[in-house]
Each structure stands twice: as C-alpha cells, then as structure tokens.
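Here the structure is laid out as structure tokens; the discussion comes afterwards.
A, B, C, D and E label the chains in the order they appear, each numbered from 1.
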C-alpha cells in the first residue's frame, strides 16, 4: 500500500532533515544550480512542492538523477534550507518505491569498455546515488 | 608526525598517481603516512538522507581505526575526505547516528567523533607549513601559470567541511605559490565538473568542464591541478586537450625535485575494469 | 496586625480562561492575614481600580496583592491606586498570573493551581513589606549625544532649541556620518549634502551645542539625571582652534597612500587630511599610522607649510569629564563586509561594488567626479546589474537575519539615476521582494520600472564571475522559471547594514540592553520606542534598528523630546527599593563596597550603641541617591547586615517557602 | 461569577481523573529571574504563548546577584526539586556587573552541592535576555525535563517540612 | 622548638618591660599542660604563665577580635604571638578592617608543627604528665605516670599541621624562627580529591555520617577567624535562616554549607574548625573544597597571603566559567 502523497512529503522532510518552511522563495538555489537546464524541476521547486506536500510529480521525474550533489545550493542558501538534501530524499524515495534502479551492474562493463579511464569513484558514486 | 592514512579505492586503481606521488612527497617532507589496515571503501558519496546508517559504517570503521592508533586521519582523495569528514561530524553531533553506528559496530570503546580528519593539503599547510615547503622546493616551478581546481567536495558544505572560504578559497593557490609557480585565481574553480553524472550525461559534464576551462584560461591559467580523481577524469575527458591537468601530488613531486612525472595514462595508473569494480567493494 | 486584600483580575478571558479565578479568590480568603478578596473582569480599568481603593478604605487594608498581568505592565497603576486610597504604594505586590501562568498553560486545573501558589507567594511577601518612601535626586541640565550622524545632529539641534546644553561626541574627525556619503536621497532625489550641510553648520553655530569630534566615550558612571562621563579626545595633531582648513598641508603631504574612508577606499588621501569639503569642524587631522613624521621623526612638511601654525606632532589624547542628565545613543550603522559573499566575486572583481561605493562613484565629490565609470578600467559601463538582499534576511550565519529596510529604495534610486543620466546603460535588478512601505515609496519604485525601464527580475543571483573583460551574472527569474545569464559591466551589491561595531561597547558602558544583532533594545517596541529600558538612556537612528533618513529624523526628534521632558524636571523620584545596612550587624569588612557598581557604599567610624554596649565601629553607609537596588552587596555581606528594601532576605525566603509548600 | 464555571462542570470527570494522577510526584521548581532580562524574557514567553511546565514558579529579583545561596538551600530544604537562576547575558547586566558575581557564587555553590552528593543538574544558571522568550520557554522545558528525570529530591529535602 | 620557645618567652617579657606593648596575647596551660588556650597577660608578673610549646595550636588572630583588643587604641599596643599559619588569618582580618595594625605588635614565632594529645593517647599512652623534645625536634619523650617513652612527632601532629602551608610568616614586626624557608608539607587537597572521586551516593553517605555527629555546639564558628561576624546570621531572626536545633539531617548540612560559603574566599585554611570540633567532624574538607575550586576556576588564591587582597568572590573575569559547566561535568 502506497502512503498518501502528503505523508510521503512528510517522510521527505524527515529524512532530508531540511526545514522547507524556512524557504523565503528567493530562488538562489536555482540561480546557482549547474544542472538547472538538465532538470525538469528546479531546486526551488523541489523545496516549494515538498512544503506543499506535492511530491508525486517529483517522484515520477527521472531528471532528478541529474542533480550533481555539488552542494552549491546548500552552501549559498540564505535560509539554511539545504535544497540538495530535499532532492536527494526524493531520489532515494523514488528508488525505494519503484524497487528498480537507475543504474545496474550490467551497465558497468559497457561503460568501461567505452571508456577505460572511468574512475572507481564514479562507479561507486553512481551505484550509491542511483540504486536502491 | 605520523598520520593514519586512508587512500581510498580509486587511489589504489585509477588514481595511483595521486597516491604514489603523495606518499613519496610525504616521505621527503618527513611526514609518516601509515595506511590503516583493512580499510573499506568509504562509499564515495556521503549519504545525505538521515535514515541511512549502513552506508556510513565503513567510514566510521576507518575513523575508529585512526582513533585507536591515537592519530589524525589523513586523506588525499576529495571524495573520501568529504565522506569521512561528514560522517565524523555526524558521529560528533548527531546522537542518533552515533548510537546506531555504535550499536552496529559494537566497538570496545564507543566512537563519538574524536578523530580529526585532515586533508593532505591541510597537512602541508598546518603541519609542514607552506613556508617550510617553499624552502624544501628543489625545482621551483618558475613561470608556470597554474589554476587550482577545487571542485565541490573539499569545500561544501563549509559548515561541516571547514576547509577554506567556500567562495574564495586560497589553500591550493598558496600551495602553488609555495612551489614557485604563479597561481591563477578564477571564479569557476569551485563550480562542479559534472561528477558522477558523467555516466548518465556526458553532455552535462562537457558543458561544465568547458565553462571551467574557459574561465581558467581567460584568467591566464596554462595548466590546472586537482585533488579529485573524478574531477581529473572529467577535466581530462571533456577538456580540449590544450590544458594540462595534474594531481596536486604530481606537481609537488616535481617541485620537490624527486623526479619527473609521467604523462597521463602511461604512469602508474593502470588496472583492469574488473579490478575497478571489485576494488570498489560493489559486490556487497 | 496585617490586613491584606487580594484582587484577582480576569483580564477578560486572558486569565479567566485558564485560571479559575473564583477558586483563587476562595483560596486567598483562607490565607492568614487576608481579610478581603475579590475578582473582577479588568482590575486595571477605572472600575477595577475603584474596587481596590474602596476595599482599602472599607477594610483598612495594610497591604494588597493583585493577581493580574506582569508587574512590568501594571505595577505602577496599582501602586498609584493604592496611594490614592491612602495606602503606601510599596505595600502592593503583584502575582503575575497572566504572562507566567494563564498564557502559557492550557490545562485549567494546573493553571489554577499555579495561580494559587503565585498568589500565596505574593501574600507571603506582602506580609513582610514595609512602607517605603521614594527619595529625590538631581537632574543635570545637560545632555550627551553619542554619534554625530544625522540622528545625533537632529537630536542635538532639537534639545539645544529647547534651551539645554548638548554635547555631541563623534568618533570621526567630522560630524555628518553616513548621510554625508550619500549622493541623492529617496524618494525626492534631492542632494544629500545639500540638506545635511545646513544642519551640520547649525550644530556648529549653536551656542548650546558643543561638538567633541575625533573622540570616544571612555567611561560612564552615575544614573539617570546624574551621569558622569569620561570622554577621550584622540590626538588630531592639528590644533582645532588654529587650523583654518586651507588644505595646503593636504596638497604637500608626501604620504598619499591612505585609503580614503569617505570614498569607501575607492581612492587615496594624504596622511594629513580634511575628510571632505563640507567637514565640520573644517579642520585637518593626521592619520598617525600613516604619517612619516610621527613614525620616523623625519618629514614635517605640513608643519612647514602651515601658515596658521596649527600642526602639533606632540599632541596627546585628552580626557574630558562631564556630567549629564540624559544620554542619547546615535551610533549608527555600517554596511557588512561583502567579501563574506564571494560567490558574487566582490573580493576578486573590482567592478563588483557595494551600494555605498556606488554612492561615492555617483557623487560629484567622489573618486570619479560623479561620472559612472567602471573601477577596473575607468570605462563607461553599458550594463549594470543590481543584486538585492546581499546578507539581509540571511540565517545561514553569513549575513543578518533581519531586513535592512533601506536597500529596496536606494537600489530603485540608483537604478533610476543611472537610467536618467545614462540612457544607454541597461539596468537589471534582481530582487526577492520589493519592500516599499513609506510615503511615495512604491510610486518611486514603480517609476523606476515603468518610466525608466529598469528591468526588475524576481529572483536571486547565484554566481558572478569575470569572463572576457566583463562580468557574467547567473541568476534566476522565478516568474518565467528560467535560469538567466547576463553579461554586465558592473554589479552592485545591496549589502545588509549592521550596527556600528562601537555600539556594543557603548551600550555596555551605558548598561543599555542590546539584542543578538547588536541593535539597542527599546523599552517597549510600540509604546516606548526611543527609550532604552535603562532610565535616562535614549535611542536615535539606526542603532535601534534599520531605518531610512525620514524615519531617523523623526526618531531623533522623538528622542530629543524625551530628553527635554527629563531635563525640564528639577528633581527625579528615586527608586526606594535600595540597600540598607544594619549598623548593629555590620562588621565593616568592605566586601559590599567592593562589589557596588555605583560607589553607593561608604564607611563611617562612629559610636554605636549595641544593646547598651557603646563602641566605636566602622560601618557601611548606603547613599540612597546612588544605590540602584541591584542587591550585589546583600549577598557578599557575611553577617547579613546589608539587606535590600522591597526584596529583603525575609521576603524572598517567604516567597520560596510559599512556593515550596 | 466567572463565566467559565460551566466549563469546569463539563470537565468534572476529566479533572477528577487528573486529580488522582496529581497524587503522583510532581516536581517543584523555583526559578529566580532578574527583573531586567529574564523576568522580561518570561513575560515575552507568556505573551508569545510559549508554554513550559506549571511546576515552575518564578520569583522576581532585581538582579541575579541578589540571589543568595541561602535562598537556594532554603528552597531545597523546603522541598524544591530544582532551582534555576536566570539573569542577563554576561556583559549585558542592567547593573553592569551583577551577573558576573552571581556566576562565581553559583559555580562554587553548585560544585559544593555536587561534593556533598546532591545530584548534579538540580541547580542551573541560564542567561536569558528580554528578547529571548522562546529561549526562556526552551530553557524551562529542558530544566523541568531534567528534574523529572532526576526524580524527587529526597537527599536534601527536609522531610519535616514536606507535610 | 624548645630553643625558639625560650627566646619567645624572654622577648615577650622584654617587650612588656620596656613599654613597647601594654599586654601580651599568648597561650596559657589549662588544667593539664597540653590544654593550651589563648590568654591575655596584662602584667609582667602574669607572664610567668605564658607558654609556647607543641600544644599551642590555637590561632590567636581570632582571639584578638573576640576580645576587641586590637580595635581600641587608647589601651596601648598588644603583643601577639603568631605562628606562620596564624599570620594568614591576621592579614585577612586586616583586609576586612577588623584589626588596627597600629595597635598590634606582632612577634612571629617559629613553629615545627603542633601536636595532638589525642593522637598521642591513641598510641596507647596514658597518664601523660609531660613531654620533652629531642634536639632535632623530630622525637618526643613522653613522660607518664607509668614511665617514659619515645615517639615520632610526625605521627602525632595536629591534622592541620600534617599539610602545613609553609613556615614563612606573612606579616610580623619581629621574628623568632629558625625554619622560615621551610616549604609546604603534604598535599592539602588530597583529601578533597579522594572525596571527589567517590560516587555521589558515597559522598552523600559520607557527609550524612559525618554531619549527623554535629551537636551544634558552635565550637567551629567560635574558633574560626573568618567567622568574625559581630552577630552570626544563624543567631539573627531577620536572616531567614536563623536555625533552631539540629532536628533533622539537612539542617547541619545547611549550617555547614552556609558557614563554608560565608567564609569562601576568606578562609585561610587555618584548620581550627576541625581541630576544635569535639565530634571530630572533618570540617576543613568543606573549606578546602572551596579553596581548591577557587584555585582551579579563578586562579591560585591564598586568602591572607597579604593584607588588602581582593577576594575571588568579590572579583570576576568576563570569561569566567559557567556554573552549569560545574554541574554538567558528568552524569549522575
């Protein structure tokens, strides 16, 4: 049984540790985001939508994986909201919910074949970030 | 001074240069790096969500190992430094994480964040001293215009990392200066290279890297240095080739007059893809 | 025999909703000593006060307890009512059953029980109260204003106008403050110095005003009506009464590398300098850190060229000691350091400037003669981007949690002035909210957007960097939901303002309370906005909180009127709750004297009759006019000779016992 | 007649149930608050409706330096389970220096109480300004929680005075 | 010590004779030779009873103020004999203006440690009639009804002398002493640390046991030179703590804690409270705790080291430690 949307939003708030109510809607997170163009929803939208309990659309969006976890939004947010943590929480919940992964070990040999220089760090990160 | 040293998996495989030259230089500077026994991969990314404990445990083990030796824990890879520092901060400040982690690991003496995690650069600045380092330089890199590329993980979030001013950092510039070269300050040095997203979207990384390299070049940089294997990968892969990219330790090795550094790809960095996966502990 | 009356206020439903007032009354009636108890909807109303007065008369009450709101609210009201009914006003105790009880508890039973206990404690205390008589103290008919900006100047002018003497202490070499640095003022766009200079001149000319510039308050003693202040007048190395302000020394001085503070360090000034053309006093000052003569003993050029013989390298700091009846804090503000926000590249790019720097660039007396030029290469800019809220409303620790209040308006002013003077320059303003509450303020901002085509973008800037000889601004437009990247020749940061760093030190000397942002706390945010809770200390201008010029001037006038009201009095009634020493118990050990912050305790050796034994003893004496009633002496006194009226050992113990019962 | 007598009647049974509960131990806590900062901070907590347990009763003193250690010992003797002293932040004392003296006295007293075996944590000093209503409430909640954890003050309570 | 003793007695007589002083505050034997108590000698003739021996532990500083000798000028100067530790108390009383320096002539008398007759008896020695000292002062020959025996001085010292602060006089007009440079003996805070290291419940039990012995005789208060109040708060109804009898367990704690707090920062650790306690309660453990805390929290401070000091409880530093750091320092 899937939880109601509002309750999932509450889980997002809880596991992200982010106080989304502190947001004053200045948009600095989105102004600073290097992955802005790659993502359908932008950091400030994540914060606002989670605050409003509207997480379903966010959970469906695959471009959430494009967040670089560069923490620039966390660093520069004047309100200490930590938008990247909200994005991360959405991604984790989406992966847990769907049971699937955006990245499977089967992909690795192909990637390495294509580019032998890929460092372990990238693979491990991708596993951690993209898998359940 | 002896440090417990945490190389991390990438430094054992793809980034052997970062590790090898780092150890050589430390020895030359009279700093002892003792690799901790049976370390495990730190996980490469810090698990931001609060309900993850298991993914923090290998970092806690490493921190605890250093604590048991009574030493500070030295890191070289930006990602490892990031993960270890943040997990340590959790252990220090978050009673919930602390209780759970100790519960899992059941150490003889519970761990509460006592270890100090030190990056190689901080060791050079605070333990060796950049002034002493400058005197140890046998082969000053005169005339070379070098840009520091910090990336994200060393600097942010600054409240936890406490590495340097997150928006106008100077530690690598001071390092470059100590080696006799001219540091080039450019605004993009703390912007993301694309990180692991490169596996999903090369385009995104290419765009980021090219913006960084353009900005560095516009400010007069002729080469870049970094402490992160993933940054190195992205910068080399998506750079235009005209910009030489090196690890901080390679530059240091050269300046200390310990020998010349081999060209990228031909040096110690070699390994099979299988090594990469196994070494990274992905089988678990 | 004590006859106590207890009065329980409902405060409408404020108390009655959580406290069963009838139960409190019933409980009061059975307390020993209580002969009368009653509740009423509003005890502070006239009808309520009449209930108290009538009961005092009818039941010959010797003391009363009012269970009501905080004593900080209505203690004075009820004391007056008691006095009107012939009861000594200090025979009144308040049980705070609103702020400390009904308002914070939801459970009525718990609330009622606590109200009972608080009532009992107050009854226990009032049983031990003794009638007190307030004393009198003098009022020195002179005021001190700390800070010579527009706030201080206006306060001083108004006080002087009422016929009282005022001293202005200004830490800089000239009065004028921040307003002197501004080019134009909103929303009228009149020239700042054109309206400020006449006030500065007036202050100089006034017979009642003494300007003590290049000086700082060093020590403050005393209390309302009778402050004793020591002022350090820093050595100027130029005789103030001799210098003619001709400026020849400035021209000849070989040490010209000092940063010109008046121009926000955008250009240089010599070691000997007059801060700006309209400075008052129009007298030079030597920067001793920069002067060659003072540092090496060589040079002395200024002395040679000075025809008035005003230079004196041997000058020392001087101290002025003066008495004042009232003190006004007008210590002003400064912009925060923009290098804390280096994502905007303030530290590394010269063309990223703060708003106050732009004021100087736009000003005819500024470093560029009033021509808008890029600081990096002196070229005309074609595009200017303004970033608002740099460090304001910031709780991350880098900035200030409050709104700096003036930035929206001055940014609109800057944008409008640039567009007016240079129509070829594109102006973009990144804003979070445009806040324009003020007469003609929103109209002003709309004019910038509508008539002057200033491009207002709702969203913040994330990063500014330099590329190919211009600046690149990456921001967000939240309305179109786009990340925007703009090229700009200049970026102007509307940095937050913060209280001047001297404010904390001065406030501590004055024992004026200060908030976590270092703004001085007012006695009441709505009803006593220009007074500090410390009697005799008044607040003028930004030291109390961010405000613009019209607001500063009105507050300055309000502070002045409070000062005048105080100085008009010949005597002040003093707090009778002061320390008292029992000479029969006193050991004469001097411990109390050492901890008294007011020097209110002295010693006398005289003949004591201790229950028939006559002895000459050294005993403590309290000067009731100086004692402020803190009670520090009572605790260090080992023998318990020293006690505090109104808060005696026995009274507090009685409260403790009533609470713990 | 108070209007809310009806409300009382309605809640009769609930109140009774609670009355039986109150038979259980409830801490007694005395808070000494200086008039200028902490008492005003308590007022602000009240006007901001920030609750803290009703077991805490405030005694107004002009300054934290007015608090004689004997008051604290007296409170314990009379059955208090915890005593907290609140004053202006160091440096902000209305009387300039009062809280500095209080700080030394209380440090020594607290150490002595510990020395004779009284549980640590039954006494506390907190600096709360007039502007810190929220902090006042927080401090009181924390202290009440601590005292509840410590339980009844059997060690120094004067049993004779308890009846 | 016998050599010093003789010189002291001679010099006292001399000073009286030549009119330098009008009286002598010293010690006099009571019923037994070891019951030496403070006494005032108004005539040269009476000085025959003046003694200075191993049993003159009493601190004469307090004696001066209880008799108001030193505050009255028109009675001429008084000679007072002060042992090194007594001079601290004298200085403290000077600081507190309880004495007039001009009215007193201080003869600093050397001391090698006072003996506790109870400890001699505890060795099983009964019927003591006198003692003689060995040349080096380390041995005592105890004469008894049943014969003589030799014992070590070290084993029978008064408690306070076991941890002597040193043999230097902090104030004097004239000195008769041959061991002025001798430093402190033992660690006076050892006993405090021992107690501190116990579990809270053990400490509580310790004090419960010790203080339950208190009979409220006020001997400690009467002997204490810092308890110099003209009227004690415990005797003063207006203080709110005037106490009754020792009816319950907390009352003594209250009394002793308040007493210790009243003298905190003023107590010179003269040890008289414990010495005079008929019940043998180690009251000095309270005072030493305060002294130890003061030293640790606010820097070394020895009350009475010199006259005119500003005590630690009437001073402060902006960076002083927070009281909670004292109570938060560990779990309970």
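For this structure, a couple of remarks:
Going forward, a residue touches a chain if its C-beta (ideal position, glycine included) is under 8 Å from a C-beta of that chain, and two chains touch if they have at least 3 such contacts.
On a predicted model such as this, the values are computed, not experimentally measured, just so you know.
Counting C-beta pairs in contact across D-E and across C-D shows that the higher total falls to C-D. Relative to subunit E, the chain whose mean Cα position lies farthest away is A. Here the CA centre of subunit D is 39 Å from the CA centre of subunit E. Centre-to-centre separation between subunit C and subunit D, using Cα means, comes to 31 Å. Centre-to-centre, using mean CA coordinates, subunit B is 66 Å away from subunit E.
Centre-to-centre, using mean CA coordinates, subunit C is 53 Å away from subunit E. Of all residues in subunit D, those that touch two or more other chains are 69-70, 74, 91, 97, 101, 105. Those residues of subunit C in touch with two or more other chains are numbered 343, 397, 463, 595, 636, 649, 652-653. In subunit A, the residues touching two or more other chains are 72.
Contacting chain pairs (ordered by label): A-B, A-C, B-C, C-D, C-E, D-E.
Here subunit B touches subunit A in the complex through residues 8-10, 13-15, 41, 43-45, 47-52, 55, 77, 79, 152, 155-158, 166-167, 191-192, 194-201, 204, 208, 228-230, 232-233, 236-237, 265, 273, 276-277, 279-282, going by the rule given at the top. Against subunit C, in their complex, subunit A makes its touches with residues 22, 24-33, 36-37, 42, 44-45, 72, 76-80.
In the complex of the two chains, the subunit C residues touching subunit D come out as 10, 13, 16-17, 20-22, 39, 70-73, 96, 98-101, 103-111, 113-114, 117-118, 121, 508, 511, 513-516, 521, 533-534, 577, 595, 597, 628-632, 634-636, 644, 647, 649, 652-653, 655-657, 659-661.
Within the complex formed with subunit C, the residues of subunit D that make contact are 1-5, 7-8, 11, 15, 18-19, 28, 30, 35-37, 39-40, 42-43, 45-47, 49-52, 54, 57-63, 65-71, 74-75, 78-80, 88, 91-98, 101, 105, 129-131, 137, 161.
Residues 14-17, 34-35, 38, 65-72, 74-75, 82, 84-85, 88-89, 92, 102-103, 105, 108-109, 111-113, 115-130 of subunit A are the ones touching subunit B in the complex.
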